[in-house]
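After the structure tokens below, expect a handful of questions from me.
Letters A, B, C and D mark the chains as written, and numbering starts fresh at 1 in each.
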Amino acid sequence: MKNPLIVVNFKTYAESTGEKAVMIARYCEEVSRDHGVGIVAVPQIPDIYRVASSVKIPVFAQHIDGAGAGSFTGHITAECIRDSGASGTLLNHSERRLLLSDIDSALTAAKKAGLTTIVCTNNVAVTSAAAALSPDFVAIEPPELIGSGIPVSKADPEIVRASVAAVMKINPEVKILCGAGISRGEDVAAAVELGTSGVLLASGVIKAKDPRAALIDLVGKI
Amino acid sequence: MKNPLIVVNFKTYAESTGEKAVMIARYCEEVSRDHGVGIVAVPQIPDIYRVASSVKIPVFAQHIDGAGAGSFTGHITAECIRDSGASGTLLNHSERRLLLSDIDSALTAAKKAGLTTIVCTNNVAVTSAAAALSPDFVAIEPPELIGSGIPVSKADPEIVRASVAAVMKINPEVKILCGAGISRGEDVAAAVELGTSGVLLASGVIKAKDPRAALIDLVGKI
Amino acid sequence: MKNPLIVVNFKTYAESTGEKAVMIARYCEEVSRDHGVGIVAVPQIPDIYRVASSVKIPVFAQHIDGAGAGSFTGHITAECIRDSGASGTLLNHSERRLLLSDIDSALTAAKKAGLTTIVCTNNVAVTSAAAALSPDFVAIEPPELIGSGIPVSKADPEIVRASVAAVMKINPEVKILCGAGISRGEDVAAAVELGTSGVLLASGVIKAKDPRAALIDLVGKI
Amino acid sequence: MKNPLIVVNFKTYAESTGEKAVMIARYCEEVSRDHGVGIVAVPQIPDIYRVASSVKIPVFAQHIDGAGAGSFTGHITAECIRDSGASGTLLNHSERRLLLSDIDSALTAAKKAGLTTIVCTNNVAVTSAAAALSPDFVAIEPPELIGSGIPVSKADPEIVRASVAAVMKINPEVKILCGAGISRGEDVAAAVELGTSGVLLASGVIKAKDPRAALIDLVGKI
């Protein structure tokens, strides 16, 4: 079984804000090192600098805009988050959907800045469209399962299989994550079984009573 | 030379609002009939019923939302515009960009309602993504050329050629229009020469001193 | 008891689309005439022309954009809906929220076109802000009560009272409607008792088994 | 002459990103201390922590969303920016306009987090609406003058005077800044003369050949 990637979205949970974001990222780093599994921490944008200064695992932004340097008050640029220590970004998360043209310009800005990109999608057609834009990853997350505790790999394996097939057809260099409802090691194993390169999850770790134990459980069956 | 399609976007120009929309649509109908060329009228949404009740050529909406029947105040549904006499719609025009996920849901709603769809795009990557969503048409319109009077077929033929190639690769059933700066028959001929199925234009007809003459000039070299 | 205004939002309900919109509007007209009560029909935008051509009561749009004549594909302009027969518009409905600056520009466009304006709001602070923009009406609708069947006048009379007080302080020329959960004559009476000029409702009429009877019940206690 | 406030918006200029943001903020701190004038640094959101850890002057965010702790991937919360060291925020800048209801919820979130708020506006009506929401400041900035080098106090003093009068009428506790085209000490003096509490500027400092000298010039006539 090849090494899957675990992407942990901190959302705006109180449990993963400020110094708590640093603490969760340290758990991610420790589990990543101890278990030899790639884990990416995705804190809130204002926390990127603090988190990235504290850990050696990859830190991604939850969102960037397509804007570059200039008169773009309030926009999040690829350059600024990279300068803060991020090495990648989510785009088009279901809680922060983007215009098609802005996904494209954000991808262009991210590539120019050397950032790894994960475009979130909600169904097979949108996964195909995202793959056509050549991000590094697409992350298929049926919105109705996000935060449900029911893993997509169990509730709707077909959407994952069809997404994998669609991406293979459109652009086989794009890797696939699956998200929504992931919380246990067996969910990760199932996701990999379905042909993905890993998982994107949030509450399964951040809202766990013991996030460190949840991370260990996640990677335990790999 | 095969028969290209001429799609005339009425935008919100005063010259093509209300009764004037009906008049321009009648010119489109007359020229379409006299010259055996497909012309589509794309009036403002409130004018669809009036225009569609007055002419026999296809009438398209300038935009629909992905919402269906329900609690969606102010949204434009596929069902309602079809019921008003439209047989298709533009989507994601540069003046009305959409979320990727909304383009997908609008396409799904449009197909269910039996509407023809044209997704507007701004570059080759976005054209590829749009093609992956399987609309009937993509319309490539470099935003900087819209309303410029400089036809994309002359200013940037490579973007049209590359769009045609990208669509052929992603989904060869999707047809391609090109837009931006089109105003004369030779622009239409050039567009077809580059492998497209026709053109999308607005000011070249609507803002012409004599819109009927402009239409005749457009189809004259076909 | 003074004459309240009944504003019936057709939303995108299947029961009030196309010819059914015309039918509901005719019921509104009949009840308005028979009972001497002002009733406004608010059909979907593509249905405005059809409805306004069929009835003599006021027909309002569910939304307009701030854009005027020009290069604004897919936008809904004040001029076009007035030209289609509308005499007013809702703005900023909870299902179609607007940028503050767009509410302002839409109000300016509506006033220039001679349209009556109703700005929807969700709490007392937003009601105050809307009143400062001097629309003809604000319609206070706590979002959690929309479609609930629980009238705001019963569930939260204080928000209506405080909204009336806030508007009196900011701009006493602005009239107030209340919405959310309205379906019966006693809800209308309660709304007027609280100092409003009438009600904005949707499902209470459109989704009623007998919309005509629902309208008669609404105005029966006036 | 009373002490005006100078708010320096770093936008996403390359000259004020990352370590350069820290450097500009240090100039602001030095000039503030040496001249006894309040200066606020408004870096990009990912730079807040770094800047706020390096200087003692107030650091504001360029934008926050109304969302709080929870499932709001990519949103900027009041709690997170305060935790990063910010003590206030701009809202509704012309380059990042917000829904009216989101300005309200962002103000509520900011107040709860103890943040100072500046709502940007584009004309007298919008200034009135913003004042009705009771932020700490409104900043009137005619969009056509932003970055023009022509100070609003010279190009359109009447819009500033009318804004001051409108705010006095709606909510006299709200203070007023003026922005757009400000670059010199005499612009600040003129702004105060018109009844404002200070200025909001960006390129006048950040794009100056010598930002420190530009800051000294700004406060020199106070």
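Please note the rule applied: contacts are C-beta pairs under 8 Å (C-beta built on N, C-alpha and C of every residue); 3 or more make two chains touch, one makes a residue touch a chain.
Predicted model, so just to flag it, every value in this text is computed and none were measured.
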What is the chain whose Cα centroid lies farthest from the Cα centroid of subunit B? D
From the mean C-alpha coordinate of subunit A to that of subunit D, what's the distance rounded to whole Å? 33
Please report how many Å separate the Cα centroid of subunit A from that of subunit C, as a whole number. 43
Computed distance of Cα centres, subunit D from subunit C, in Å: 37
Shared-contact residues (touching 2 or more other chains) in subunit A: none
For each chain, which other chains does it touch, given as pairs? A-B, A-D, B-C, C-D
Contacts from subunit B onto subunit A in the complex sit at residues 92, 97-104, 107-108, 122-123, 125-126, 128-134, 170
Could you list, by residue number, the parts of subunit A that touch subunit D in their complex? 9, 11-14, 17-19, 44-50, 61-63, 67-77, 79-81, 83-84, 86, 90, 93-96, 146-147, 202-203
